Amino acid sequence: MKAAHRFKQALREDRPVAVINADYANASLVEFLSRPELGVDAVMLDAEQGSPDFERIEDMARAARLSGVCVLVRLFSPEAWVIERMLLRGIDGVIVPRLDTAAQARAALDVLRYCHPHNADDKVFVVQIESAAAHAHLDDFLAVDGIDAHFIGPVDLSRSMGHQGDYAVPAVQAAVDDILQRTRAAGRAVGTMVKPGDAEQWIARGARFLYFHVNDWLRIGSRSFPIVRN
Amino acid sequence: MKAAHRFKQALREDRPVAVINADYANASLVEFLSRPELGVDAVMLDAEQGSPDFERIEDMARAARLSGVCVLVRLFSPEAWVIERMLLRGIDGVIVPRLDTAAQARAALDVLRYCHPHNADDKVFVVQIESAAAHAHLDDFLAVDGIDAHFIGPVDLSRSMGHQGDYAVPAVQAAVDDILQRTRAAGRAVGTMVKPGDAEQWIARGARFLYFHVNDWLRIGSRSFPIVRN
Amino acid sequence: MKAAHRFKQALREDRPVAVINADYANASLVEFLSRPELGVDAVMLDAEQGSPDFERIEDMARAARLSGVCVLVRLFSPEAWVIERMLLRGIDGVIVPRLDTAAQARAALDVLRYCHPHNADDKVFVVQIESAAAHAHLDDFLAVDGIDAHFIGPVDLSRSMGHQGDYAVPAVQAAVDDILQRTRAAGRAVGTMVKPGDAEQWIARGARFLYFHVNDWLRIGSRSFPIVRN
Amino acid sequence: MKAAHRFKQALREDRPVAVINADYANASLVEFLSRPELGVDAVMLDAEQGSPDFERIEDMARAARLSGVCVLVRLFSPEAWVIERMLLRGIDGVIVPRLDTAAQARAALDVLRYCHPHNADDKVFVVQIESAAAHAHLDDFLAVDGIDAHFIGPVDLSRSMGHQGDYAVPAVQAAVDDILQRTRAAGRAVGTMVKPGDAEQWIARGARFLYFHVNDWLRIGSRSFPIVRN
Amino acid sequence: MKAAHRFKQALREDRPVAVINADYANASLVEFLSRPELGVDAVMLDAEQGSPDFERIEDMARAARLSGVCVLVRLFSPEAWVIERMLLRGIDGVIVPRLDTAAQARAALDVLRYCHPHNADDKVFVVQIESAAAHAHLDDFLAVDGIDAHFIGPVDLSRSMGHQGDYAVPAVQAAVDDILQRTRAAGRAVGTMVKPGDAEQWIARGARFLYFHVNDWLRIGSRSFPIVRN
Amino acid sequence: MKAAHRFKQALREDRPVAVINADYANASLVEFLSRPELGVDAVMLDAEQGSPDFERIEDMARAARLSGVCVLVRLFSPEAWVIERMLLRGIDGVIVPRLDTAAQARAALDVLRYCHPHNADDKVFVVQIESAAAHAHLDDFLAVDGIDAHFIGPVDLSRSMGHQGDYAVPAVQAAVDDILQRTRAAGRAVGTMVKPGDAEQWIARGARFLYFHVNDWLRIGSRSFPIVRN
């Protein structure tokens, strides 16, 4: 079974998936992250907050495909040309940020289907729910057919709610829980960013699309050696 | 105090230092590894077993210098042109592999002093002790003035002793201990590769130059999340 | 005579021109494709479907200019900043995709003339006719002064007509012929993608801007050796 | 004091600052330009007219930060995703081109504040005044709180006034002087491009944000050797 | 079965194999060349006459491994550090040029076995026979155990015989035939460079390792379109 | 006339030539330096002390060839594989450093002639005279047929004479003058590094191969603006 199919099926079956943001524009790092021993379901190449340009995305995508791990690109913009050009780089799907309305999500999906008229189902399509506006329109998002996961961006959600990126404030956490619960109630997959120590808590709260950062893994790794930071 | 001075002083004062092999040819990764929170004393840019070419080394070196962390390059060869061209990339010192005799180490040191006639002491000079021949000539190495640390390469040492890279075999470990003890007895710094869980043991055995891999940190990081590898 | 002038003059004189999509983001490949022995009139650097970023475009453009072959960039978007930034990379002209109306083509031309107030005629300006909407507005396009060639994109045209990229269906071929004939009737140059074996047929149908892919040349080349695919 | 603070303070105190466009996408060149002996206050990485992509911007920014010189990126577009992605590359601020109205400047400032809710004041925000429309709306621009400098782009201003990029024509120079005087009268910093020999004249006319090109420095340097161009 | 095994087995079984020199330092091109439809058995990454540096080799190797095509690197030098560093880039084997004696070939093989103590047989080891000296020592080469193919370099052979690279001269062709016949007589695989139209002739003369250039395929492809070179 | 021919002829006719070290691994910078207005006769790509790898050298060489300026590479080593691989990058000639004896120079020349059996005279061949040993063997160097210029490296010469890179000491200047005079007396071209203000003095002392650094031009350029370094 193809990587994208496995990934979509796990989400449909309500199983948690681990998505790692490679954080660095380096194909060999992606190859390592894709090793079975690391237990990753998908590698995210971050073209929104990270630096990889189109040529690099292509190299990074190949590195993930070598191991059969699903490779997703977080787009820098939901414009049609961005979706099309990125899908041609050999990736398994896209994570679309900067959406406020379901109409924008539908437009992005239409582009994906336009690019893959025969096999759009082979591609993963994830939307970021990361603004108060998107939250307000959540029911509309949940009515869109073809979204594989709703990925809550806590920092942006906090900013758009006037909390300056601090996502620990109760109002933001309440919004996160509202999105988690309503999305699950609609039978859709949902997830968010996981930090050291809180993966099980997030699963209990309903998250299945679990998003990690290489940087957090490096931090944990460095601390495991008592000599470091002596 | 400069990064190189701090690093050399720690070795002179018999304090352990953490040296991380960045493993990937990426400057932004080096910048992250150099953050104080990670507790790294030196970042090794690996031009012997890794892929970074000269232009990349320059970018990676800048990333370490930004945080005042010592940046060392493991050379691909001890040839004079390699030492000279690498020292011009903005690094704090070199790790010289592929040496069998003290004469080779002295020649490499001469090149470093030729390149830095006024401030060779500002540079870190580390030799790899990684062959049965180098072990046999250890006393000669210890008589060389200007070596900041003797870095035991266990895989190569094992191979050269006929054990095919397996460094757990008693004969190899005995050789490692012999090098550790005799180097310390000569008042010189020594170290080797540290794997998860054995840093304290290596310090007890005499190692002070403690060498880590980013890959090991990533492995530990990934395992700390129960969901990963479900 | 400059490469762009030669290219524009051939189109004005109704002579066929060979335009090769380099397919790969590599300047040395462009240098080879530009050799006279290959008979290419223009090399297309594909920033819409291909991967080359701005720095690479600059290197690829130099490679074509070395041989005096016309070098065109297919833009990823008709936005003004894209046209301006690309024209500064040392190229001879642009191929503008994603247009539905003549007003968009005129806006793109205005940007080109804004960037080259004294020598806009030294630049090649090609539009892609690749949607049902553009086809519907063809007369408006033909009334625009300054378009050097109308390049029919058959795959996109088919998609926009509801045929999922299959351009062999009669309705799509009829549209292609309609565009070919009306454009020629208006005294303008027109062309489309040529596949192995059908160049003469396309010339007979009116195409003069003949568009090739390096990949097709490689396929033909590989098949010419009986041993390959034994 | 941080580089950005020093730079903003100089502008607030009506002192001239030297801003050099590195002209080439090369981090080592930026490192050299940032040396104190060159007297540069800020290095501009030009993503509007130059070629550096996101990965390169990151490397170039590090090179400037090494020396504590302020590093600014001229954006290719004022879109929100461009501002956000660029601010994540380790830079001190942005120069926003392609603005016609103060509302656009305010929108760009809002993005900057959204990205840096706690420390937007640590970032430099410069707008380009480079169109007849922007000139017409100058009072609106001057009413915006948070613009550190108004950078007059003479070539674009000339084009938009119908003078094809020639900025020596009296009407363009009159517009430049009008912008200089009214901006200064409003207590705001203003500047423009400086060419060999006219820096003092520009200071006398009111410019404080003085913009240079590496290419001009190279021209001057080459001419200083009598043998060159023999 | 692994790519290297398939490749070695074909050579052992006296079947012809197609080896394509990618000619350009581009991973996406390698991915295309590795498609089954092109019928290639191995892609050669040319670090002797081509430009790819170590990072690029790594990306190119991944592209070939994606399709299960054997990927070989032609080394720039038979030095031990070169063999070791290249084998760590994820390749299936090496082509060693610049050899005059069997002792040099044996030393290179020893390095390969040192690097892969447990699975040296999983790697492909090819030597170039490209000098009058190597020809003179051919019996010694044929006595070396572990060489998978002897690759005759006709241009260099001609030069070393005093014929300035012209390999059509009878003396050079006689030397080529002598190498072909004696190598086959020793039960070893042998091959050389194939040009358009002469593959069958080379097979008849005994060559099995058939070496092609992308450039030749492009030339043939371009000529197949009557319009090109009108 | 080709760039290399013009360059060699100027040296044969005892006319001064300006050779600029591009200092940065950037092809667009080389393109600018090659403009006629800068008066440069040759651009040196510095693979000995600079960072450009093989792929970059190729791009930089194309940039110089576009303007018909001679492009030379300073090699990192006089090994045969280095000379051969570099000559394949599209350059006009080599500058060979690290030579102590005329035999080494002859070996390098033999490699060049081996690579270009039909047109070795189209290539520029420069040797660095930069050690006390090379000075001692100067007569032997002057007896070699085919050296286009003898380039005195003052820093290395000083180091090898025990003066730690300080080339202002009288003994080093005496050696420089000795090399200048004896080389000229032998009817050969000679030159050295020129610093701001001393070009005419060097011509008077006999230098014709005049070597400049981009960095010096940038320094001069920056100082020409009174505002810089206020």
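Should a chain be cited, it is by its letter among A, B, C, D, E and F, assigned in written order, with residues numbered from 1 in that chain.
Definition applied: a residue touches a chain if its C-beta (ideal position, glycine included) is under 8 Å from a C-beta of that chain, and two chains touch if they have at least 3 such contacts.
Just so you know, these numbers come straight off a predicted model, no measurement behind them.
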Which pair in A-E, B-E or D-F has the same interface as A-C, with over half of the contact pairs matching by residue number?
B-E
When the contacting C-beta pairs are counted for A-D and for A-E, which pair yields the higher total?
A-D
CA centre of chain C versus CA centre of chain D: separation in Å?
36
Could you grab the centroid distance between chain C and chain F? Build each centroid from C-alpha atoms only and quote it in angstrom.
43
When you check chain D against every other chain, which residues touch at least two of them?
25, 28, 51, 53, 58
Quick one: which bits of chain B touch chain E in the complex? Just the residue numbers, please.
25, 48-53, 56, 76-77, 98, 159, 164-165
Can you list the residues on chain E that touch chain C in the complex?
15-16, 18, 20, 23-26, 28-29, 32-33, 37-40, 51, 194, 196, 199-200, 203, 210, 212, 214-222, 224-230
Chain B partner contacts - residues on chain E that touch it in the complex:
53-55, 57-58, 79-81, 84-85, 88-89, 114, 117-118
With touch defined as at the start, can you tell me which chain C residues reach chain F in the complex?
27-28, 31, 58-59, 62-63, 65-66
